[in-house]
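Look at the two complexes coming up: subunit A is in both, with subunit B in one and subunit C in the other.
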Partner chain A sequence: MLHLALLFATPFAIQTTPMEPGVAKTGPAETTPASWLLRPDGVILPDGTVQNMDVLVVGDRIQAVGPDLESDVPVLRLSGILSPGFVDAFARISSAENYRRTTPQLQASDGIHWDDVDYQEACWKAGVTGVHWIPQPSNVVSGWGTFSAVGESHVRQSQTQAVVSLHPTQVVDDRLGPGSLPGALEILRAALPTMNLKGTSLLAYVDSAEAVRSFRTVVGNTPHHFVVPGSLASFGGLLGDQLVGLASFEGARQNETMIRLHKRGLRFALGTDGSRNPAGMRHLAMRLSRATKDPAAAMRSLTSAAAEFAGLKDVGRVESGAMADLTLWSGHPLDPSSKLKAVMVGGKTMYRATPVETQP
Partner chain B sequence: MLAVSLPCLAQEARDAGYTRSYTIHADGAWLAPGKVISPAFVTLRDGVISQVSAAPPKEQKGMFGFGGSKPKVLRVKGILAPGVVDAWSALAGSGVNGDRHAVPQRRMIDELVLHSADYLDQSQMARVVETRNQGVAATYLSFPKGGMQRGIGIAASFNAADLLHPEESTFLEIALVGPPIEVEMALAEFRALFENAQEWRESWDTYDEKLEKHEKDLEKYEKDFDEYLKKKKEAAAAEEKGQAAKDKKDEKDEKDELKMPKRPKEPSAPRPETARDDILAVMDGKMGVRLEAFTVSAIRTALELQQEMGFSMVLVGATQAHRLAEELAAADVPVILSAGRMGNPDFPSETLLSRWSTLKEAGVKVALASGRSGADLLLAGGQLISAGANQTDVWHALTTIPAQILGIDQKFGSIGNGQSGSMILFEGSSPFDLSAPFRAHKPR
Partner chain C sequence: MIFTLLLLSIQNPVSVIAADRIHLGDGQVLGPAFITLENGKVKSIEEGTPPQGAIHIANAELTPGLVDAYSFLGVNIGGYTVDESRESGASQRLSETANLDHEAFQNAVRNGVTSAFLSPDSANVFGGLAAFVKTSGGDSAHVFQKAGTSARVLENAAALKITLGNDAANGNHSPWGRPFDYKTRRPTTRMGTVWEIRRQFYKALDYKKAKLQGDVETNADLEVMLQVLDGRLPLRVQARRSNDVQTALRLKEEFGFTRMVVEEGTEAWRARDLLAQAGVAVVTGPAYDDVTRSIATGPTLKELRALANPIPVCCEGLEDPTAAGDLTVEDLAAAGEHNDSQGDEHSHGHLDEHTVAISGLAQDLLLATTAPRYDAMLAGSSRNRRGEGDKATPAMPFLLHQAGVYCALGSAEAHDSALSEASLIHQARTAVRWGLDPSLALAMVTSQAAALCGQAGKLGVIAKGLDADLVLWSGDPLAGTSRPLLVIVEGQIAADFR
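And then the complex of A and B:
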């Protein structure tokens, strides 16, 4: 308990003040973070399992992870489980521009509301430290995703993945005709050579087996992930062992579908899509864990798999070289009775469940 | 002692030859909310718990030293808990009572034959098995939507083949849902049923009077008949005399002919009718009423109806019951809430957690059930806990309270002698913990 208090007595102010867009890193919250050797009861590793490990945080990154690490930095004994902060694999930015067919190729980074403090706090309370923002899938070529850490006033990566939509009911382009998949494919075929993917992947919104098959014939070997906003029941089997973005878990047959697809090796990345409800992420993972009886896979879908989906290699994982985006829970995050204790983003404590104790 | 890791229990018990009686040695057991033992030795005989203790059961001595037996012990990792009781489920399927006008009052037990393996379609079968695997030990088969007076629902557990097995707990189901005019119609229909049953019961009294009168009529009839015979004989004798009679023939024709007295008609007894028997059982307090109502006005109407007719009532659905929490507590009416949806956090007073807490604090007995959503109850309970609910309270609302409401608490809802062996074995911190293995124990 004493050690825990020590963590909170770090010289960094808790950052709760609203951020203004474009403001340079200033103020006390942005000083260089110190280094700590964290010694929790357990650490959730990139494979989703819990191991007894120490975590050495230097600056904003994790320098080492291993049993019984030794270092000359202060040691913090933490009671609870240290988990990588959850990554929202795809959250839509809301902007009027999304719905104009004259402005495809939106940059999600242009639409982030940096001053949305309520949303920031909701994310922290839900254990979410990173959000992969994507434009609305309302144009066939919708634009570029961007990644930002919750509480930081800048984007971590401005062009993550390119979002395309073969979800005819979501596409507003009136040239396509109502619900036209062939029309959408034509636009995609024409646009593909002009898109400079630079080693990133395509995120494709699909809602049918037809869309999956025709998308594959159009893009060929271009790396891609599918986003399935609805039910996977009818075409999940086509996806093999791919990594799929999943935002909801509704419907009577969804449990059976998840069990079947998990057995076939399909991996999931959980996102909030258009709901803006970060608290739903943990519940989604709980449902996944309950259906598949694989808590490690459910944890991956919240952390490392979600980061992989967003094309990021250094978030959502507790391993050396990764960003120090961490959450401390009183127990395993998939145990509903576990409480979130603290949130660290980029090596700085951003949120604590207990009230702030002010030093005179 | 046989050490078994997680894939265990019933199948292993059978493989090991412990079909009739065996003891499960677990790391602990949640006997009832707030009552925990560690370690736990739970002895089962023919699928029913026969002994629970924190120490290994002693060898039972046979007569004269013969036939003594010690139940085989099955060592398992994890903690045992009673199976969940779902007080309102849609497991009966949507086909039941589809045409309410054809059969206004069906009995769910008649539908259970359709739950045998031969008749069940695969998705229905999968739902029943999935429900059981989710840790449900007993469920209440409610009628699907449609119809105001739906029929007689029944509680059911699962048999060895994972099929539904009826329990002795039935309720008359009534729904006060839909627009006010339909609610009025439902009420009129229901009142008419009560009046009909009342009339029927009263008609037995008048039947007795009629029967008495009939006895007297019968005596009179017999006398009349004797007289008639006598007169007829006289007439016949007169005919034999011949001539004398011939002269008087015209005269005789004018006189009225000898009439045979009519046998009085026996009064008919009131006819028995199964549907009315159910209403009578409700009137006598032998069967409860499950009243489905959601809005404040419908719940008020339900309370008035209950006071007027004096039956025992369970309120089902009741999304707005929290607004009438005090009145429900005063009337001692338990409530079954659907745990299918947590509610929109933007409207904090209307979330499931807040509605449930309000009712609970007012002193209303509240059970959480899957309702029509087909929700996984332990998962829903976990979501409530992560939203801030007390774990013991949630556990109470999923086991003991629904068992009490259904009147099957002697068999379900806790771990103890005589209780069903359908249990849960969990390795996490609670049955709600999704970070650790969990399985349902199905006794064979």
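And then the complex of A and C:
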């Protein structure tokens, strides 16, 4: 079992990738945590900017980030830009439990399909190393989100956020009720005191100004993040400089809407929501970057802001103490011509690009 | 173009505004006078020549900002502001779910309305808590909307709304032959609606007793009903037919409602003496609205006959009926019938050889099929206004006032369309045309309207220290040729048509 860093160093060599995390756990890497000093052409920092830095990885974490680091460990000169692995800020697990209008006892961690190899590979290929899973928001309170890294078969953080929805098309039920937003609000109002948020936050699906305004009156100071499945134009003005989950961007004058919201300080966290299309995240970030002319903000929306959205402190960032979930790109990740070269999750090789051509 | 100018002008504070006549809203009128504004409030009202720099337009008249005592501004009718999954949503607040960014608010502002009572939709027996808003000055949600053009909530519990008549039962059904859904329930009739009201209020009385005796789980809906029973919260009752109005009065007697207001009251004029006796106020619905929602009755066959057979004033040998004085529709109808009965000998002279004369039953059939079908246009509408209030009269504000009923005018959905000829000031003008004293008509859209919305002494009048909500009109506000020149909400220009 070879280490990812070695793959970075020898990108065109044919190696076996430890696709099965269970195998990786029993491998030699576990017993003797490897340490590497990575020296790429540039590193994407938590603020989204590219700096010339070295990254010291010890075991599954980043121990130090800085210019011209000194260390005893082997130094690997990497060609390309080192980026934090992208974090999917919200991805729905496929099953929905909407027999009741509130199901606060459900946990997404119990519904994750750990062996979905195709999905894992799709994530790696898209540069996604972490997924914030959430239950289907098909009732007013649908349960708890959970975070796992792509390729690991365990939960990194359970009970990340409680998922609620005031989106009428998601929660309206002809038989059980609610019939519309006011009914959903009543249900939320009754359910909130029964939920133990324990320093976590709420993740709320909203689709209108009324939903945003009324949600705020109901939850008061409870920390929360909105997810916006459709167009933001009709209510983005209420969101100020909040961090908002975005999975797609639809509707008229969409680029202008993005520009205006970006100017007002609105921050985005990108997720795949129900699409199960991890590659879409990078494309959306590229669009954001082109519209706002702020690639750093677009990078944050894929990495540090997405992690912040899910309430995670040690992923989506290249900084001391963070998990070593890294991706290596041939250029800036938001440059359409850049190619993904390799993916590291928790200090281990998970994926590397198939060589386009073999060098003699 | 006007729209662009309007947007550009928003958020400009006004300091002094003068007018040749200032209607204070309570019936008083000042001669040439000027008002000084400070921090969105009226600082002083002085008669005489305005100082330099004051806004002063010749012949312009100033009124308080109009108060719409019954509106559906931002209320998605038949839609999303009321939850139909249960019949008593008494604690649901319309202020939370109304669309405060709706263009109807801007239409209302352009027509001089600066504050409005938002009434919950009539889809439930208990529609929830009504809101009272300023039509301008709120946070705009839309990214492309100018800041400050959304409505701002002043009161989130302005009244509890209940609905009598057919609206609330509409759509409910018995379980036979259908799949179960939450509309499989009572009430399905007018009687059932009243049963639901009684049931809930008696439940609230029991709840009150239980509360006094010891611990009982808090019930938000019943708490609201207790507030109504204790007179802490006004009760708005939508009642269109006169029998619904009488039902409302019986409920008042039964439960001792002290703050009941009848809303819409299409036929309230027929129960006006009862209303006066009970001391119950009425907020009327629009006398004229756009055609699909008109409560004004369409022409009768009699009237259509009259229109189809105009009196041949041109012909020699006939007395000119217009010389006798003002003609009414009834006169015309009578003349038409007269004409019809004598038939051919009068009309024959007007027909050339290619025209086929249609008369008698054939003519009636033709008239009946080509006349505007108000009923047909309303078919399928959840707001069954036309079907319920077929004894409407635009003279209602006059008749109610004459009987001693406290009254205010409302626009309902009239401001939903920018082109509406039924906006609030048109209601007042119509009322004046149908006999109401102009100063009273103005009071019914300002001070009296504010009083029926729980804003007495706060809005609807121009007075020192109160919010500077003002409308400058190009002439007499009740003249059909006048229009708003400037609409000011809390000292800020909200619409500018100068």
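Rule of thumb we're sticking to: the second predicted complex is superposed on the first by the 303 of 360 C-alpha atoms of A that agree within 3 Å, B and C clash if a C-alpha of one lies under 4 Å from a C-alpha of the other, contacts with A are read in each partner's own complex, and residues count from 1 in each chain.
Criterion: contacts are C-beta pairs under 8 Å (C-beta built on N, C-alpha and C of every residue); 3 or more make two chains touch, one makes a residue touch a chain.
Quantities reported herein were computed from a predicted structural model and do not represent experimental measurements.
Once subunit A is used to superpose the two complexes, subunit B occupies space next to subunit C without a clash. In the superposed pair of complexes, A:335 makes contact with subunit B only, with no contact to subunit C. Of the two partner chains placed by superposition, only subunit C is touched by A:261; subunit B is not.
After overlaying the two complexes on the shared chain, residue contacts for A:139 are found with neither subunit B nor subunit C. By the document's definition of touching, of the two partners only subunit B reaches A:282; subunit C does not. Seen from the CA centre of subunit A, the centres of subunit B and subunit C span an angle of about 70°, rounded to a multiple of 10. With both structures placed on the common chain, the touch criterion links A:182 to subunit C but leaves subunit B unconnected. When the two complexes are superposed, the chain touching more residues of subunit A, out of subunit B and subunit C, is C.
When both complexes are overlaid on chain A, the residue A:148 reaches neither subunit B nor subunit C. Once chain A of one complex is fitted onto chain A of the other, the partner contacts of A:157 are absent, as it touches neither subunit B nor subunit C. After superposing both complexes on chain A, the closest C-alpha pair between subunit B and subunit C lies 10 Å apart. Common to the subunit B-facing and subunit C-facing surfaces of subunit A are residues 253, 256.
On the subunit A side of its complex with subunit C, the touching residues are 168, 174-186, 208-210, 212-214, 217-218, 232-238, 253, 256-257, 260-261. Here subunit A touches subunit B in the complex through residues 50, 252-253, 255-256, 277, 279, 282-283, 286-287, 289-290, 293, 295, 298, 331-338, going by the rule given at the top. The touching residues of subunit B, counted against subunit A in their complex, run 123, 126-127, 130, 345, 374, 376, 378-379, 381-386, 391, 428-430, 432-438. Residues 79-86, 89, 91-93, 96-101, 128, 139-145, 147, 180-182 of subunit C touch subunit A in their complex.
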